[in-house]
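Provided herewith is a single structure, encoded as structure tokens, for subsequent inquiry.
Chain naming follows the written order as A, B, C and D, and within any one chain the residues start at number 1.
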Amino acid sequence: MSEVAPDAIRVGVLGARGRMGTEVCKAVDAAPDMELVAMVEVGDWLFNMSDAGAEVVIDFTRPEVVMDNLHWCIDQGIHTVVGTTGFTPERIKRVEHWLSAKPGLGSIIAPNFGIGAVLMMRFAQAAAKHFESAEVVEFHHPNKVDAPSGTATRTAELIAAARKEAGLGASPDATTQALDGARGADVEGVKVHAVRSAGMIAHQEVILGGAGETLTLRHDSVDRASFMPGVLLATRAVRSKPGLTVGIDSLLD
Amino acid sequence: MSEVAPDAIRVGVLGARGRMGTEVCKAVDAAPDMELVAMVEVGDWLFNMSDAGAEVVIDFTRPEVVMDNLHWCIDQGIHTVVGTTGFTPERIKRVEHWLSAKPGLGSIIAPNFGIGAVLMMRFAQAAAKHFESAEVVEFHHPNKVDAPSGTATRTAELIAAARKEAGLGASPDATTQALDGARGADVEGVKVHAVRSAGMIAHQEVILGGAGETLTLRHDSVDRASFMPGVLLATRAVRSKPGLTVGIDSLLD
Amino acid sequence: MSEVAPDAIRVGVLGARGRMGTEVCKAVDAAPDMELVAMVEVGDWLFNMSDAGAEVVIDFTRPEVVMDNLHWCIDQGIHTVVGTTGFTPERIKRVEHWLSAKPGLGSIIAPNFGIGAVLMMRFAQAAAKHFESAEVVEFHHPNKVDAPSGTATRTAELIAAARKEAGLGASPDATTQALDGARGADVEGVKVHAVRSAGMIAHQEVILGGAGETLTLRHDSVDRASFMPGVLLATRAVRSKPGLTVGIDSLLD
Amino acid sequence: MSEVAPDAIRVGVLGARGRMGTEVCKAVDAAPDMELVAMVEVGDWLFNMSDAGAEVVIDFTRPEVVMDNLHWCIDQGIHTVVGTTGFTPERIKRVEHWLSAKPGLGSIIAPNFGIGAVLMMRFAQAAAKHFESAEVVEFHHPNKVDAPSGTATRTAELIAAARKEAGLGASPDATTQALDGARGADVEGVKVHAVRSAGMIAHQEVILGGAGETLTLRHDSVDRASFMPGVLLATRAVRSKPGLTVGIDSLLD
């Protein structure tokens, strides 16, 4: 364990032995301004968290247990940073309701803690109104079951909304003879292409084109480690962010 | 006009005032080992070619006149380099028949004189058997009417044939939930994706993937000038290539 | 000329027959909310501008005449949009001084009107603090005399400033044995690499890397037309931007 | 262990517990046409190899022991596939001398078993003569100590040799004002640029440019697994390749 500052944030990890949890424990342990005070697996006794004096709990568990975990933490007055998936609008509302009873308590729930991916989406959204054309190409390993990826779909939705707000119509496209599928999937008017290839991990390109120029935003993720800076950023921020924050986008400035 | 060598190839250009023909005239004129002896437009008197002593005629005209042009040139014993499109297998056979009566006379007909594009296809074909996965992504200006491009389709066919010969089955792909079109068009089992964007001209990527690595072959064409080295190469080669040659691939070694 | 709105902006172009000026005239002429009222070449009578009732003058001339042009326009109460290069801090100060006497009058001077390039720089600056590593690679045609390009140098300076402000030190680099030049040029601690190649026009990549991920911002400019949207944007904005504005960055929101 | 064919190649691995050796053992074990008969670590008794009836020994050990290993294997009539580094021309000559006494016995020594990397080099060499311009950009993790990489240097040498043979002079380059290092390192007249960034593993681009077009060959290696197909290919080939073979290039057809 690295040297810990006297005012270090006291952090507990829930789902500590999972793929992501293991990485989170390592990252917290290596952060000089944090102290890893509890590692709890699904099924373990949650009171280990409060007994260890955790100020912030990071939850990378499973959709079927995460709501109970959150309820318990909020009840105990512990801030939470959550990477577990499956948050429907209903669940979000329920968490907000729990937090409303605890002024000063914060919770950050993010579908993607990758700072690079979040910036790619933010930049795509900001740039979209300045370009006639916009398409998304994503590249993943061949074991992925969904196409396009959630991130690509979300990116296309953000671009579509930005174009609409700016009064842009459809991207120009003179195609009259096309093989089925050649022009990709249509996500609210934005074309999205999904490549699957051995040797790839998780990559995405947003291509924005105007007269005589293109701007391409590319994100390459090759390791789970890429999520850790975002997790640590949220862990540092959550104590001064009362209420619910969805996504880490607002923490990046 | 540049200095011309005494043994320069005497070249005539048919379709000399067209988009491509204009470029060809400039390129021939600038080549130190060629002399531009005749520039003939569609509808002009073909005998201008023989009167000027043309040894090689370069034809960039139109499908409806190219067969007459070729017949006349072969009849006159003039070698031909042809970039006009629309050569069906029947037309190819007819040209071969005409040439069979003229031993020593050559004709090179190529759908694409871009050396970079031809090399990309050749390398894709050569590499395909060494990789589990292969996909093609092409990017063009939004005024293009067909998707995917002819070059992309041809590349996919060559890859498919090479995979088949090597006994490779389909590329691995675990996709079970896909938006319509997300995984691209299927060309003999090889996925092809077509992006259309303002600011693009003509670009293509062949992505070959194996365990832990990818090899990407990318061709970017930004100017018609890119076809000229291939036209000149064919013009230099045709006098010692009796009979019909389709494509410039065999001239590249 | 396209249909002109009754409240169209009355625009004059200075340097109208130059490479850029020609493009600007075409772009203004095609814009439905602008009227091209005067095209003036270097050496022509500047009063043509006021006689034609120009509200905004766009200047793409030369460093040796631009200050006189600006002085005259400001004197006449005409707004200015300037793409001519060579603005030193001293010149900038002089223009500010002239404008201070004319409340309500605006001038926008920009070294680069390419929206894509400006966004690339802005995004690089915004993202820099989130990544351990940052390098710039630019690619240009082989006739370029300076390396790296002004845009690449400026990008590196912006990244360096952002890193400094965030308290980031040097990018990690264990290199101990290097061929001279292999690691690029050093611009305030940010490495910049300049590729020169036939077939290239003007391209740049900003590579930002953190644990397990990279974010790459790429701009490709293939035609002078890419500067026109920025010129029109400035022309629309200048009448409500009193005083001097340097760069179009602040107009993009 | 997978099902083994009755005529499977009997393979022993030397350096079996090293980073690469571990991967090799897994790959051999998974190959249906090979049987892993011995795993020997540096310092272990080499006779374990002959006792187990190994026909081919794969050596991923260290420069200081590899010559003894090879001598012993050749003496015992065992074919060898060697990925250990440090083969000087003198060492190569010594191995050739040992093999000359054993007709029919083969040894394949390769500095790089990555098929993608080898193909990239081969294609760069084949294409070089068709393009005016050629540069190499490589991207690696920041812990790499040498710049440029051995593969990039080798690629540049191959390109330089191909250009020389084709009578091509230097790539066009009008640069007159350059920051130190901006134009990269010079490897026999070919410029090579080395990027070092967190989030990168091992990547290389060869950029070949001609009038109006570029051909880019890019290799991305993200996992040691990428070397295994080349190791298995050599293991299959070595029994019918008497004498010494350096590099796997000649095995790829």
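Convention: a residue touches a chain if its C-beta (ideal position, glycine included) is under 8 Å from a C-beta of that chain, and two chains touch if they have at least 3 such contacts.
Nothing here was measured: the structure is a model prediction, and the numbers come from that model.
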item	value
Chain separated most widely from chain A, comparing mean CA positions	B
Selected pair, greater C-beta contact count between C-D and B-C	C-D
Between chain D and chain B, distance of the C-alpha-averaged centres to the nearest whole Å	35
Chain centre separation (chain B, chain C; CA means) in Å	39
Geometric centre distance via CA averages, chain D-chain C, whole Å	46
In chain B, residues with contacts to at least two other chains	131, 199, 208, 210-214, 220, 222, 226
Residue ranges of chain B touching chain D (in the complex, touch as defined)	114-117, 119-120, 123, 126-127, 130-131, 208, 210-229, 252
Chain A residues touching chain B - in the complex, by the definition given at the top	131-135, 137, 139, 142-148, 153, 171-187, 191-200, 207-214
Residue numbers on chain C that touch chain B, as the complex places them	199, 201, 220, 222, 226
